[in-house]
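Heads up, the next two complexes both have chain A, just with different partners, chain B and then chain C.
Entry: the complex of A and B
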């Protein structure tokens, strides 16, 4: 690879292949002219960063994306002359941007903080670009430059992502995460933005992170239901489900109450070390409420005196989702 | 000559008073007299106070209706050279008489009373710096001294007295911590799901919700509609 890098400065931009390659070209010269070294290096770097479980699928997606970059470039180039085609390719291009942004967002799990933040930034910049009316001087930079460079040329990019595009991103994230539309509807109600609004980066990141966390949360709730109910005996008892969710609700309220306390006390001269201790104590107290011992007690108690009847999986999921969604701040 | 506000120290109001330069004997600022005994004014002249008549002194006093514990006293200096803090403390039993004691004697606020250094500093006196425990305090007296004739007036401003905050969380810690140590008493779990697995799922869900909450943004998209309507008559002016 090293000698290919030395020759990189001499290679022509790979978006414009030479028509007259002489037959006496050595293999190395051919490869360096095509810029394959850079191409493969970019692909491997991306793969190492994403660490996906399906390397072949990942590479296939990666090269598809790169191919669509050069397609978009040429499509935009020709559309400057064809205004009648303008609105159609605008919509199609938006969809393409959306797909690429979603691909980036899928690369890292939200728990991998810095990788996830980088990807959100890239996705935001992708969606932030304005429509197909690019200047004809913008030549596609080719597949060796990853999409992070596009914002520098997209200086005409708007002051925010279109509200409709943002809402679509969130919907796709939720459905890809395995959340049924009816469950995610109340969440999207809180997070969505109108089409005429321009979404700034902070709100975009907040929405994306919330949807990613929510899909994990719902999957966990589904697993929880499976644990609570004995599968061969049909749906779980209502009392049991309510008691389990009740302990979660208590824990959430405890940690929320402690945050309120800390804010109230900020007038007093409590130094930051003490404040940190108080918060830590609150978290400990909240987590003690969902300890196995307390849970065992709650479940035993519920069995004895709770309401009768059963709760099916859907209702359980909705109840769990409600606990989460009530704590999501409404975008305003 | 003395302007003084007396407020309830518990409400953390700020006070101010001025000492005017004149070479007559020092005057007591505080009034509203029922809690102050008459013989207190004689205390200023008693030998252990070391008050010289030539020095100019001002006194500020603060009264409280309840006994309280002082955590800290903060103030802004205005050309005062030395300050003495005296406390009137009464032990909890009502029969015990209140006694004055000196918490801080002649704390220097200015390096040199004649020069500017430290003349407008913000200072604080913590309970750890006091020579007596500032507990069950009913009255606080600040005695200001400025021997230099260079300054026309001297005072302390923005005086705030902070009571001690009782450490509440510690009491509650022992409650639920002792619950955790009772793990040996296993409730009857016949036919119930395994608490360990259920608990770990719940902990995951709780952690995810906390992650979401801690990442909330205060950014605003700037919506000004009222219930989805931008009718000009409904738009608020704020």
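Entry: the complex of A and C
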């Protein structure tokens, strides 16, 4: 703006302040006529909600999405008609929704609870093909979808995400998080829903959160193994690995009580502050257990007891995964 | 970037917004929009913002912009260095040596008001003396320019510290400039350049003392600086530190290069056939985009550089 005014100052001598005033007025008028304010406000609000690690990338994607939506004429997901005569096949559309939902889920780390919850909500609504955003309190006409295994028809029935889509989301989350398919398979066994089932929001959130935490956990386990094992010397000794795993197990047990509470109380906003504090305490204790000192102690103890063969990275990872997965509630 | 602390208390919104220069880009987007109201309204507003932020994300946004814009954020600085490399990599390939003024002309093709002073500082690092018409290789020059262009505030402060140490001040009394304005630092540094040139040949500075002062500077410095470990590593390799050789070692240091993230390593500096395709696409894009101020001549200039052997 300053540059423009400098350029203009040749034409409007300093004794005529109206010239400058008119210029910024006309700018303001242009901006309000074009709706720039609302456009940017909406973008900034979304950005702050999502708390992405890459705000510029987020804005680029946000505006590109907006542009393609307005250019192709699809008016969002509340338009029932476009399922029958949309230009894309149902499968391709689903894939598109899945990609966008995954993009939303990647934006914020799961430890940023409120931003992550927002993003999960947005992703859920994206995947929920059956109509406009359903908030709590609205009862769909079909079978009661608060029970998890109502066998409704996919795509047209109750107000939930298709089971198949849900499972696919979880699979993508795990693989993007760096977890090999074989390691995540047992977890997905516990979390998945049948293709024909409609998945309500709570289950969706629980599944997504569990996968996100699991990815972090597996990465941490991989790092732990790298600490314990020197690559030049071959796989790490079994005894050493077992004691590290033992420490990990203790840490999980400490935090387990809190995790269970979190899952049950996820809808009770009244307790959320209390829950936050309790969780913080648990994580502190858990991380103390897994601290280098404790680990060092465990390792020293293992070396004294003597090794019984070696354990390679894959085995370690699977064992660590098992510790985690046994704690996951099965979705029934 | 620390956006979350360990106990999940969220960073307040205004802090989050201030962290990544996002507001700067939003402001610039609106300013550009106002400067080209007619064109962009026909183009479509949403599409305009989408293109603007996509180009920022892809580091294509600095071409033909004014100097104040390209130096405004670390991302812009790195992007500009990268664009310069992409546009003129052929010079490196052909092995031509150019003078300071020639490099400056090349820079001005991409940024019309790129200052001579910045080019001279980079040249000084390469040449280790105040001779302006020495010829330099493309890679030497660009790595030196990268260092000075990306960390100007830090280098200015360091020069003052170095001069104080040379003058015999003890490290405890060396003034660590933190909030002095950049322009003031520049003018002081400029005054001392000729003094420094004489001392350069005779004296050096004790590396551990300099390291100590640099540590103190980094502790309080509001601007970005090269990673301390890299600087300590360079200082640890010598018994006496001379300012420009220190800077040249920093310029050539691979970790610093990777931290900035704009240029490939020296080994790969000239290798990249895809870049030629990208460059053609870039030129085509620029010549139709409304944001280029001098699209005709600049595009012509770029094309002329391509087979440098044919120039007379």
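Here is the rule we go by: the second predicted complex is superposed on the first by the 167 of 332 C-alpha atoms of A that agree within 3 Å, B and C clash if a C-alpha of one lies under 4 Å from a C-alpha of the other, contacts with A are read in each partner's own complex, and residues count from 1 in each chain.
In this section, a contact is a pair of C-beta atoms (placed from the backbone, for glycine too) under 8 Å apart; a residue touches a chain by one contact, two chains touch by 3 or more.
Everything quoted here is computed from the prediction, not taken from an experiment.
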Partner chain(s) touched by A:314 [first = chain B, second = chain C, both, neither]: neither
Chain B versus chain C as contact partner of A:223, first or second or both or neither: first
Which superposed partner A:328 touches (first chain B, second chain C, both, neither): first
Partner chain(s) touched by A:57 [first = chain B, second = chain C, both, neither]: second
Touching partner for A:199 - first (chain B), second (chain C), both, neither: first
First, second, both or neither for A:248, with chain B first and chain C second: first
Partner touching more residues of chain A, whether chain B or chain C: B
Residue ranges of chain A touching chain C (in the complex, touch as defined): 1, 3-4, 27, 30-31, 34-36, 39-40, 43-44, 47-48, 51, 53-57, 59-60, 63-64, 66-67, 70-71, 109, 111-115, 276, 280, 283
Residue ranges of chain B in contact with chain A within the complex: 71-72, 162, 165, 169, 172-173, 176-177, 179-180, 182-183, 186-189, 191-199, 201-206, 208-213, 215-217, 219-221, 223
Partner chain A, residues of chain C touching it in the complex: 1, 3-4, 6-8, 10-11, 13, 16-17, 20, 22, 25-26, 30-31, 33-35, 37, 41, 44-47, 49-50, 53-54, 56-57, 66, 75
In the complex, chain A residues that touch chain B: 110, 193, 197-200, 202-203, 205-206, 209-210, 213-214, 216-217, 220-221, 223-224, 227-230, 240, 244, 247-248, 251-252, 255-256, 265, 268-270, 277-278, 281-282, 285-288, 290-297, 299-300, 303, 320, 323-324, 327-329, 331-332
